[in-house]
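The structure appears below as structure tokens.
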Amino acid sequence: MVEIFIIPLVTAFLLAIFIRNKKVVWPLFLISNLYILLKLWTLFGKWEIEKTIYTNYELFGAKLSFTLSNNPLGWYFAFFSAVITLVISVFSLGFNQKTKENVAPIWMLIIFSNLGIFFAADWITFFMMWELMGWTSFFAITNGRDKALNEAKYYLVLSLLGASSMLIGIILLGALTGSFEIFASAYGLVQVFYSEKALSIAAIMLLLFAFFIKSAIFPFYMWPSKVYAVGPEDYITFMSSVMIKYGIYPIAMFIVPVVGSLDLPKILNTANWIQYFVGYLGAISAVLGTILAIFQTDMKKLFAYSSVANMGYILLGFASMNIVGFEGALFHAVNHMVLKAAIFLTLAAVIFRTGESEMHKLGGLVYRMPITFLTFLLGIIAAAGIPPLNGFGSKWMIIQALMSQKMIIFAIAMIFASTGAFMYLFRALASIFLGQLPDRFKDIKEVPLTMLIPMIIMMIGMLLIGVVPGVVMKPLTTALRAVGYNVNIASWTSLEGALKNSTIDLTLVFLIFLGGFVISAIMYILGNKSETVPQEDNYTGGEYPEEWGVNADRFNYSYSFYQPFKEMFEPLLEKISIDEFFASIGRNFEYMSATVQGLFRRGEGAVLLFSIGVLLLILGGWII
Amino acid sequence: MIEILRVFLFGFFAIFIGLFFMGIGRKIIARIQLRLGPPFYQAFLDVGKLFSRKSITHNFVMDLGMVMSLAGLVATMLFVPIAGHTAIKTSSNLIVIMYLMAIGYLGMAMAVAASGNPNATIGVSRALTMMLGYEVPFFTVMLGLIIINGTSSLELIANSQAGSILNWNMIKFPLGFIAAEIALQAMMGEKPFDAMIAPAEIASGPMVELSGKYLGLAFLTHAVSIFVETAIIVNLFMGGASNIFTFVLKQFEIYLITVIIEAVFPRFKIEQAVKFLWTVPMSIALLQLVLIVF
Amino acid sequence: MTSRWDVERFGIGPMATPRQADVLLVTGYVSLKTLKRIIRTYEQMPEPKWVLAFGSCTVNGGIYWDSYNTITNLAEYIPVDITVSGCMPRPEAVMDALQTLMKMIQSGEAGAYKKYKENYEYYKANQDRVLRKTYPILGEKLIQNEEAATSIE
Amino acid sequence: MNSIVFLIVIPLIAAFLSLFLGKNDKILAYIVTLFNIIFSILILFSGKIPFNVAIGGWRAPYGINYAVTDLTIFFLVLVNVAALLALTSVREIMEYQFYSFYFVLLSSTNGIVLTGDLFNFFLFIELSTFAVAGLISYKRDRLSTGAALKYLILSSTASIFSLAAIGLIYKTLGTLNFADIANKVNNLNEASLSLILILYISSLLVELKIFPFNMWVVKAYEASKTSVNLFIHGMLGTAGIYGVLRILLMVFSKETGKLTLSGNLSSILMLFAFVTVIIGEIGALTEKNMKKILAFSSMAQLGIVLFGISLGSFDALKGVLYIVISNYLAKFVMFLTVNEFSKVSGSTNYLDMKGLGRRYPVLAISFTISALSLMGIPFFAGFWGKISIIGNAVFSGKLELIGAVLILIASVIEGVYYLRISHTFFSQGHEREGRISRVYCLLPMILALVILFIGINPDSFENIISILLDEIKSPEKYIKLILSLK
């Protein structure tokens, strides 16, 4: 248990020493991740392992202790994030041949905090790891590049604000329940909830605030698009797949059990107001994330908003407070990890070869990078939640749960978001890989083997989870059982729904799809043979495009892809801009800063201010 | 083994019925427009001709995409109960059906975008926008039926309407049926919701670069999609059927409505179409949903 | 060709793109500018393909026989399967021609597209001879200038 | 243990000597400072603590007495170590004025910490004021003269107030001895105690850099040398905090060890505290000059300290001590780093220091660690202070809750500007000619490691703090210690 914490620290230290030597750094990084994964593998089932460090530091009259325990739900998250991290670190091996900066040591620290967050058994440890992740991410995002500074600052501010609110929340919780242990405080909170209603709700809300910030839920949905656009691509892959789940885990671990055990008045006989609160935020994130993703031109921003939408789905699953929805949400967390990692790896590969992340400047890369294309294709099919791949099962479970709880608005929001997902996902596919290949990319090659292997692994992973969901569902249900939920251990192939007669067998779905494919292929083979023509040979109303000065770039339709749709939403989005609101807060602080500096630069007011201070004190002394 | 045979049987049956409907549809439109119209078997001739012609492709994605598109629709079709039968015993889950259908559309979109023709890409962009337009009201209608029946199995919903015609959801929930009909019109890409095809405007949009067997596959995809979509409506609102013949007849009734609307309407611009779908059918569907749930 | 005459009853319909078309109808006089587009369209049609030349203009130039920028005989530039004379031809004549073409296809007579492949040099030479007079619309210089301008940016 | 007086006397003698030694002043300074450190450490380990020394045989409460208790020795060591650390940043040859002022400052800060008499305390504060003013104006340019003048004006105003307060105390209680005042403070009526406190606090807040009494801070930091900054921060600042702890918590406290202020006085004090924090952090937000940033940040940290003190709970006080030690160490690291970097880059603007962190990662990492500690990030010393103060503030009342929230927001702002600077250090910069000797990297690194050590292992510091807290909790021991000599 302790090794998996010591190893990252030691590795981070070694990486920092060898930072200039790339041939040492990235293999070391890989080995360390491999070790963590293997160690986590052996930890499965050993839920009783615990390590406590006692201190003499007193808070509220009790001595603090830091406990790390192998809790099943944490293991579930930690294990799958370790798998993804390992795959990404293989990718980094090839990806970082060209980069000047080196993000490895900081990244290793984040992996340390990652494990810490998932294995923390008390809030103080959790908070410490949480904060560690916040500021290390800042350095990882900037990675010594000035152009990333503003975005990283934005992230840092949100991150620190979240941590601050979490600190107050933890303190409230500790004072209310007399314990900083996560499970004990959850239990205690349920006990004291009715007598200390306002404070308990405040504690829950403050914690939720922090979790929402980290998982980019509605009012804080902008940071992924800002951060992902500028950060180092391999690290961004980690961030978008693993780090964005940090808010999900504590919600599953703490908020859901607590809210689920409370007996709050229900609205319209369906759910209590906390469920609706969480659910509405989730629904808004899903819908808004989708709409904004449709409008993006930068592919990393597009998938950043896609992540926001996916976090919305997960939150909807939690909001249903139904065991199927809960399982579905946790399942979706892992599914999203896998598919987002796959997608971002391909984006990183594209950027590695072309150096371009604006979609309308790309196109036709399928001619040059077919395997990257295939990975991306499977990735977007999974992200769209289309059956033979892995995004479907979890989305299906969440929708089932929402329908069985009669949460109609949320179900409609979910359908809106996942149909809208086709729009932006296809747009990315068409703009990056399909269409005309510009001349400047005529000579690029497929990425090297070290980058191909992780992509192929991700493809297999997505297909495997999609066809045999038990790969994830079995550990998940085992973990949930160990935590104390009354769930059946899932079977390898089928998923249980929340409604009547709604078990689906995903392997069967896959086989049926194969059947359809065979029929279709027969028809295809029956047809006369076809010849391949070059990409320029296109119907253009009889015109020769080159005579009009139209090259491959101009011949692509990919700049304002959904212009009519955009025009429908633009007035709405222009009026309400939370981004602008946050930015104006930042600007106001900067104006104030100039004022304060001016105050200290001039000397005239010194004595006057002194007298004002004294007067204030006198006032304070007199008015009793 | 017998299951594999059933899969093939059902698949080809759907293709057959779909093409048959298409042919009759053309005939009906012609008669509405006071023409003689082609023979009812014209669709079969067209497909036969297309498959026998040589065709051009731009890259392997086009081949893969077209095959995927038909495969997706055929797979969807295998999930839809036809007069209580499905090719393979499944729970015929509605959500699975809705999502599986998407793979067909995705395959088609991918294939045509791979050709690199801007007309095709514009067409796809419109089709996807339209999809967002109709899926939401259609799902809202479905949601009501799912909630009232407590199941998302299409078969169970169809069975629950057994008995007299008064048990049909079409009679019980007329508002929902109307909304679903309008959504179906858009789903089939018929006028007034055919902005994605628009031959005069964007040269038949997605199909602009499809030739020979690729166009043939697109035809077949369209045929199967007609079959699947009408079958879903029949199962949802008209109580399925006891034998295949009645089932196809009911499907044809649904298709007839669509074709008649198609014959007399002009075309919406894409944003008009989406706005229309989100206002009129959506509010009808929501009204129905509210009536059902509360 | 519209609902009054209804060619659809023979299974004939207009198609939006050459990729989907079997028959190319060249209706009316062919200026040099049009010829260029006709050739591109014809070449983009997948085989088998047929050409129906429509009206006198496509056969002998019609009233434009002495125009400086129209061609007089389409068959010199692309292989024509069947021609319809008249200025303008009646719809019945066109339908008749289409029916005849169908019969010719069935009997295997109509295979002019094979000729195009075999005698490509001949057709190409003819095309080049007249098309030398036409220039790119924007002109190559203009394109170059534009590129230069963008590169300066 | 009468030799305790040496701590004050020897620097004073050295101040005279330094007028004649010329270039050997530096050696003298090191000798005297080392003597002070060794002497105070010897006292620490002598096992005689606590003890009391009556000067000239005049026993308390009639004469001046120097009391050495746990709190005293803790701050004594801090002050003297600070003196040594600050001296290491003196590289160039200084004129004798610098050293003589330094010796006066050393003597007076030692005196502030040691004395047990209010008037004596006042005298030492005055002495230190003149020394600091002299040190600030050492550069003799327009800026430093102005800054020194500003400081002098504010300090003299403050000293008038404190003198008035001392007069009032003598009038009402008839004594100026700390212990005696503490013994008799219950006899005072509410109004006179309020008046005395108002007057006295006003003067103390000038040294504590609390808004609106802190107009001198930024200019003084900007105008003076790094070593002088460190004197102000490490010696004067630390001694000032000691004064506040001793006088507010142990002398003028009616309730045991608590800050008992009449009515809204404590609320006003708290208001000052968190306004200072906010002002300090906001002021630093867009500042480019590193010295000014650090000055603003010092203000903010001392604001947090005052906030913790005015909360009036021992848990919060523990947090205050953590903040004090974290700020003490971190500012040293930062000033030393900035000193080295500004020598290489030739300016104190942090944008000019771009890329230096890549060449001198040890310094830049030490700076980052200090910044994180000031922000109160876990694994660094400041966290234990922050969690304690915030934790106690949340449940104390509405104003305290607002204060806690504001302080948290302020720490976010602090994070923005500090980590921005760290980022600038680590970003790609251009080549420079100057070099920094590795030796100079060593000290910041050690201090940063101490911060890290306390952060990871709070036990190491917790024991010391609990001893200090025990003393503050029971002032009657202090009273007994001094008055039992009678």
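Per-chain numbering from 1; labels A, B, C and D assigned in written order.
Operating definition for what follows: a contact is a pair of C-beta atoms (placed from the backbone, for glycine too) under 8 Å apart; a residue touches a chain by one contact, two chains touch by 3 or more.
Not measured: the values here are computed from a predicted model.
Comparing each chain's Cα centroid with the centroid of every protein Cα atom identifies chain A as the most central.
With each centre defined as the average position of its C-alpha atoms, the distance from chain C to chain D rounds to 94 Å. Averaging Cα coordinates per chain places chain A and chain B 35 Å apart.
Averaged C-alpha coordinates give centres for chain A and chain C that are 57 Å from one another. For the pair chain B and chain D, the distance between mean C-alpha positions equals 78 Å. The set of chain A residues touching two or more other chains comprises 537, 539, 541.
None of the residues of chain D touches two or more other chains.
Multi-chain contact residues of chain C (touching two or more other chains): 17, 19.
Every pair of chains meeting the contact definition is listed here: A-B, A-C, A-D, B-C. Only residues 3, 6, 8-11, 15-17, 19-20, 22, 46-48 of chain C touch chain B when the two sit together in their complex.
Residue ranges on chain A touching chain C, taken from their complex, read 537, 539-544, 546-549. Against chain A, in their complex, chain B makes its touches with residues 4, 7-8, 11-12, 50-61, 63, 66-79, 87-88, 90-91, 93, 95-96, 99-100, 102-103, 105-106, 109-110, 113-119, 121-122, 124-126, 128-129, 131-132, 135-136, 139-140, 143, 146-147, 149-153, 156, 203, 208-209, 212-214, 216-217, 220, 269-271, 274-275, 289, 293-294. Residues 146, 150, 153-154, 157-158, 161, 190, 194-195, 197-198, 201-202, 205-206, 211-213, 215-219, 262-269, 271-272, 279, 282-287, 292, 315, 318, 358, 361, 372, 375, 377-379, 383-384, 386-388, 390-391, 394-395, 404-405, 408-409, 411-413, 415-416, 419-420, 422-423, 426-428, 457-459, 462-463, 466 of chain D are the ones touching chain A in the complex.
Within the complex formed with chain D, the residues of chain A that make contact are 16, 55-60, 100, 124, 127-129, 131-132, 135, 138-139, 142, 144-146, 149, 152-153, 156-157, 160-161, 164-165, 167-168, 171-172, 174-175, 589-590, 592-594, 596-597, 599-601, 603, 605-607, 609-610, 612-614, 616-624.
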